[in-house]
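In what comes next, chain A is part of two complexes: it sits with chain B in the first one and with chain C in the second one.
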Partner chain A sequence: MSAASQSAGLWQLAWRRLIADRVAVVSMLVVGLFLLLMIASGLNLIAANWSEEVAVGYAPPSFVGAAKKAAANSPRQADNSPDAYPGTVKDPLATEIAELRRQLDGGVTTSSEADLELGDIKVVDPLAKEMAEILGTTTVAAHHELADTLPFGADKWGRDVIQKTIKGSETSIFVGLTAALLATVIGTVLGAFAGYYGGRIDDFFNWFYNVFTAIPYMLLILAIAAVLNQRGVTAVVLILGLTGWTGIYRLVRAEYMKHKSREYVQAADAIGASNRRRMFVHIFPNISHVSLVQLSVNAVGFIKSEVILSFLGFGVPVDKVSWGSMLNEAQNELILGYWWQLAAATLAMALLVTAFSMFTDALRDALDPKIK
Partner chain B sequence: MSAYILRRLWQMIPTMLGVVLLAFFLFNYVGGDPAYILAGKISSPEQIASIRRQLGIDQPYYVQLWIFIQQILTADFGSSWATNEPVSQIIITRIGPSLTILIPMLIIETVLSVLIAVGVAYVRGSLTDRAVMIGCTVAMSVSLLVYIIVGQYVLAYQLGWFPVQGWGNSFLENLFKYSPLPILLGVAVGIAPNTRLYRTFILDEINQDYVRTARAKGLSENTVMLHHVLRNALIPIITNLMTYLPALLVGDFLIERFFSIPGIGREVILAVERSDFPVIKAITVYVAAATMIVNLVADLLYQAADPRVQLK
Partner chain C sequence: MSGDDNILSVQNLRVSFRLDKQTIVEALKGVSFDIPRNSTVALVGESGSGKSVSSLAILGLLPKENALVAPESKILYQGRDLLRTPQSELRRLRGRDFAMIFQEPMSSLNPVFTVGKQIGEVLRLHKGMNARQAKARTIELLDEVGIPEPQRRYDAYPFQLSGGQQQRVMIAMAIACEPKLLIADEPTTALDVTIQKQIIDLVGALQKRRGLSVLWITHDLAVVGEIADRVIVMRHGVVRESGDAKEVFAHPKDDYTCALIQCRPPLDRRPRRLPVIDDYLNGACLPAAEEMHRGTSASDETVLEVRGLCKYFVSHEGLFGKRIMRAVNNVSFAMPRGKTVGLVGESGSGKSTVGLTIMRLHQADGGEVLFRGKNLLELSPHAQMEYKRHIQIIFQNPYASLNPRFVVGDILTEPMRLHGIGVNEAEREKMAAALLDRVGLPVMSLRKYPHEFSGGQRQRIAIARALTLKPEVLICDESVSALDVSVQAQVLNLLQDLQDEFHMSYLFISHDLAVIKYFSDRVVVMNGGEIVETADPDEIYRNPKQPYTQRLLASIPRGLTTP
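Let's look at the complex of A and B:
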């Protein structure tokens, strides 16, 4: 408490302790790098074209080599590569379509039924227009060189995995941080009121807390996901933020109960500070380290939860990419032997979460006034 | 003691009421009109009206709430919207598979992580200790999805040591044929965080005076660690285990989904995907009630394990 006389001192000391810790500095740099990536990608400075087709489907990372890819890929190429369509692929429905044509043309038989080309069947193909559009766009892309390999490989649609990972980091980190901020604000405000006022208000918020903690966390998240029934960044932030405030509520409440009868609060009362002022101007700076550490803890937890939600398909929509949706695609790719998307999403997430957890530990140590 | 139990049960009533209100608010208010979900995309106003009448959602909210409370008290939640199976039937038949996986998982995970924790706590500060701790931090950072995806692919799909997925009718077949891989992966996911946590519990005890006394009287290190330190560290370990117990009732969502195990967790995910509200609503309310009971039992056991604990 000696630092309370000049409140900047506490933070300065904490900062000095933090940068004296080598692990903390390294983890801070890694987290900072990820945050920069998130901002740069959010401003479309990097990875803006993540959804463009820049390589053939499942182009392997370049160190694996194109030769190996050709061997591994050839059976799947027909399904995935857009190059396959304009060619003379045998249509499995060729006879049926020819039959239809016959009826349409009034009994005129086509001699080369089996060799029908895609171009010929447009007349009866209900999707002919869409097909032409798809072919039109993909062949344009196909003409300006689709790479056989990429430094980090490509996904099913030939999108660059490293760009997807950057874009996915943006979504996952943004969701984690925003949800953590929301949960921290809710938990801190409710905890402050419950701890400071006590009595009926405390009872009411405790009841609220008990109700939320009576339902297992994952079940509560899934129940809210079910009723919201919409996929989107806002929905995920709301789901995680509205369910994740309970831990911080408990801690902040305990701190307020401890602080409300301290001398400096009595002094504030004596000079006529209102309750609100005492709560948020006088007490809050003294307990804010609890909120800050919890913000960090929650961010790590919510990043993990978002990945699971998006993996299950209850998270971000399909036109967005997150580490969770990448893992979802990777699950099927792995069986076909395409491991690079899985590796990229896993590594990016493991790196961030490890650094963030270590940073959280260091932050807790640096802010704990007991260790000096 | 009985006064304590009675008081705790009495205190559960408002919480339970809150859970019911929360579930009601979520599913009957936020969830929107289920008639449109049920009727599908092509529906006439008459169909919608008749479904609304059937579900009772044309009634005012207080009547609906009363219907909901009656459903809870009689354990009759009607039928699943998706499969028409009675909801109570779903809960009863799905709980077995969930427990078949989770109980062995919890036991193996706890025994292993306690043993590792005692080991690294004993050599605390050494290279081994630091390496294990860094390993745990890194292992915790890899998404649990990755463990399951890679484990299922390598151990079942590639090496063929285990069936990729499935579930049979006989308990023994399930336990010895279909469960080992899910249990193994569950243990792999849980062991790192538990080892870290239990290590701190043991380190809290290892510097106590009674440990020095035990060493001073010349007891062997094994006796000191296993009989004195571990015994005292077991109290927070048991407390931590108790917090897992409610999770037994909902199963392991991800593992059940990956391995197609017909447990509660997979049922919840299916229900969310199908907007099958009666199923999620019933599971939420019952699991909440069971959680409160389990917590009470845990507190009673806790006092039995540690006489210093006073129940107030």
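Let's look at the complex of A and C:
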């Protein structure tokens, strides 16, 4: 490494070590791809129409083929009423209008005074405007025949599983990252105060920590969910963030206890740096790798926790989709043999979580401040 | 010397380490030396000289992943080349024929086993003894290395023994299998002088009694003079000089050896400026520069006065019990302006605690620190801020005392910013650059991080940081102890120049009697938290009054003092 060039700080050195690690680069690319997907879907660039019925219900993946087509189509054919399927919009007056037109075209003879006026008469559909509106807002697919197969199949309502998975990543990753950020901030700040000041303050925070960890995790989640009394992404983030800070708290507290008696902190004291300055300007940059690694460890954990919460019914509301809610739906589908929704959500999650974990490991290696 | 006289012969040893894909560092550049039978050979060098790598190569302990040994290298032992001996064979040799003592006895002993068990295990493994034989032999060994009451100590855990006793246990373990070669890697560096003396005597006696060969690795030439028959001086992976110890010390041929001998503060003289390595590498061995007088007089103005300072550490035992450790007990001394007070003592004497308590980095439990008529210990944190400018501290470990995430520029401007020195950032930066230049570092260092500097350079940065506030009192807490001797001389010269220039008073805290003697105008000897003796440096070395001081002085290694 060239020492002569512009000095590389410890962060820069860590970054160099990180990009020299092949596993780290690959996992970073995978995580980056997921983040891009999440942002793109958040901006409605892709998967904006995830809630459209684009195929028949439970349309199997293309590679499975249409062997199951008949079986998949059967529930639809049994019930032919148009209202059951919001995708097929039909004008309720259509038959009457058609009858009228037929009569007009057919040159029906009437009285002479009536003839005069009839020349200008046109059959007007009174619902035409509304119909045009309805047809305009609903998807193109509504005009077409519903597909029998999709690249990775469809769910009960004929929605594309791939689009659903992409849309689901938006919720899952967003929840995972923000909840992890919240937990890391709480844990780091409390840990910093407890570890730096020690004594009574430490006792107080430890007492608080112990109360938190003494309550069984699920019970705590249920309690917070009950207090928040709402469902939605914010609630999930709060639940996970407020329960997940304990591990970071302990680690950061231990780091602060170790660092506060280091000579460089004593030296800062000697030149007159205030407590707050020593805590956040001097010590924090030296322990921030702990917080950073914990942030990414927690992000992985919370993505999984969101799935569990949604599975238990405390997750995102029905008008949203997340991997958790997909798995929740999949538990009924699986009995019927429709495995693709489960597979898609599981695959996406496994890929992200594995890549994220490997990235975390590489990050920890790269940030290890063992270099002098 | 014929091959039969040597127990081990290292020939043209070249070792490189691969740091990453591009960088390969050559640690040993063709090193050759012999270890004769029944003698002590000292391998001397500063950090980075390759002395430890040599010993690891002999034992076959070089890290396999990144160590590269050149094909022409040879380490001959009993007619075979150790570099080409299979690991399984080497492992047997390591237990039976070679033994090693390390620097830190505390971390070399397993804390969860009794010392008796640990020595016994070696005997059972390599000598095939049964439990009873091993125990009997272990007690004999403990007795031989001078552990009192070996029967009882057999069941002691490492933490129940003092540092010196732990090192004795390590030695007992090393000689348990009657090795032919004992490699001692800085075995006394972590120990106090009085203990160091005992360990040196012990190894010397064992060597003679058992006819061992000892390879003693050290950075301290004074120790070498006491123990070694032959000396090998290494620098940057090259043997600079080797030969009979007395001959090398009396008539060093190499400039570097010459410099190493001269740059240790001498006990009998006091040159104004210590010679540094560059002086020698540029020219021949120079005669010592002008002498300097040290000492205090009654007319000296007192800058800082410490009166009856106390600091206790309370540890809670059981539910209600507590034990009070009097780290500093009723310590009083005065610091004259522009002079140096040397505070000397062994580890645990409370000397560092005195420095930290004066700075209020520890809260005092009693006494006064008077500066300009004010008791600093009573000031509120706010009022104290003003006085922090006037008293500054330099710590021991330059690797730990600089924040690794700050560039040098930030490290130097921060104190000025906190104390409102300088009008704006640009002016502060200019002052920082000037100070950096004053302590002998290039101005471009402002943009660099501490990890890019060597230990000596970092200590210069720490000194510059203290100087930003233009203090009147500078506390140097073991500030040169962690540095190589040649760097130590440079930093001491720098401190002396700065004292002459800024007229600062130093409180110089050290365990190193030679440095204290050289550098102080007044010496305060501490033991067990209390002051034992206070006197003029020359007086105390010539005529120590207290038995503790006498014992301390008697243990200084005098291998180098020319009669």
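List of remarks:
Convention: the second predicted complex is superposed on the first by the 287 of 372 C-alpha atoms of A that agree within 3 Å, B and C clash if a C-alpha of one lies under 4 Å from a C-alpha of the other, contacts with A are read in each partner's own complex, and residues count from 1 in each chain.
The rule is short, and it goes like this: a residue touches a chain if its C-beta (ideal position, glycine included) is under 8 Å from a C-beta of that chain, and two chains touch if they have at least 3 such contacts.
Note that the structure is a prediction, hence the values are computed from the model and not measured.
Touch criterion met: A:335 reaches chain B, while chain C stays clear of it.
Once the two complexes are overlaid on the shared chain, A:227 sits against chain B while remaining clear of chain C. Once chain A of one complex is fitted onto chain A of the other, the partner contacts of A:42 are absent, as it touches neither chain B nor chain C.
Contacts of A:327 after superposition on the shared chain: chain B is touched, whereas chain C is not. In the overlay built on the shared chain, the residue A:308 is in contact with chain B alone; chain C does not reach it.
With both complexes superposed, B is the one of chain B and chain C in contact with more chain A residues.
When the two structures are aligned on the shared chain, A:264 is found in touch with chain C, with no touch to chain B. In the superposed pair of complexes, A:354 makes contact with chain B only, with no contact to chain C. For chain C in complex with chain A, the residues that touch the partner chain are 20, 23, 356, 359, 361, 385, 388-389, 392-393, 395-397, 399-405, 407, 414-415, 418-419, 447-449, 451-452, 462, 465, 468-469.
Within the complex formed with chain A, the residues of chain B that make contact are 14-16, 18-19, 21-23, 26-27, 30-32, 137-138, 140-146, 149-150, 153, 157, 246-247, 249-250, 253-254, 257, 268-269, 271-273, 275, 277, 280-281, 283-284, 287-288, 291-292. Within the complex formed with chain C, the residues of chain A that make contact are 1, 3, 6-10, 20, 262-264, 266-273, 282, 285-286, 369, 371-372.
Chain A makes touch with chain B in their complex at residues 207-208, 210-212, 214-216, 218-220, 222-229, 304, 307-308, 311-314, 323-324, 327, 330-331, 334-335, 342, 346, 349-354, 357-358.
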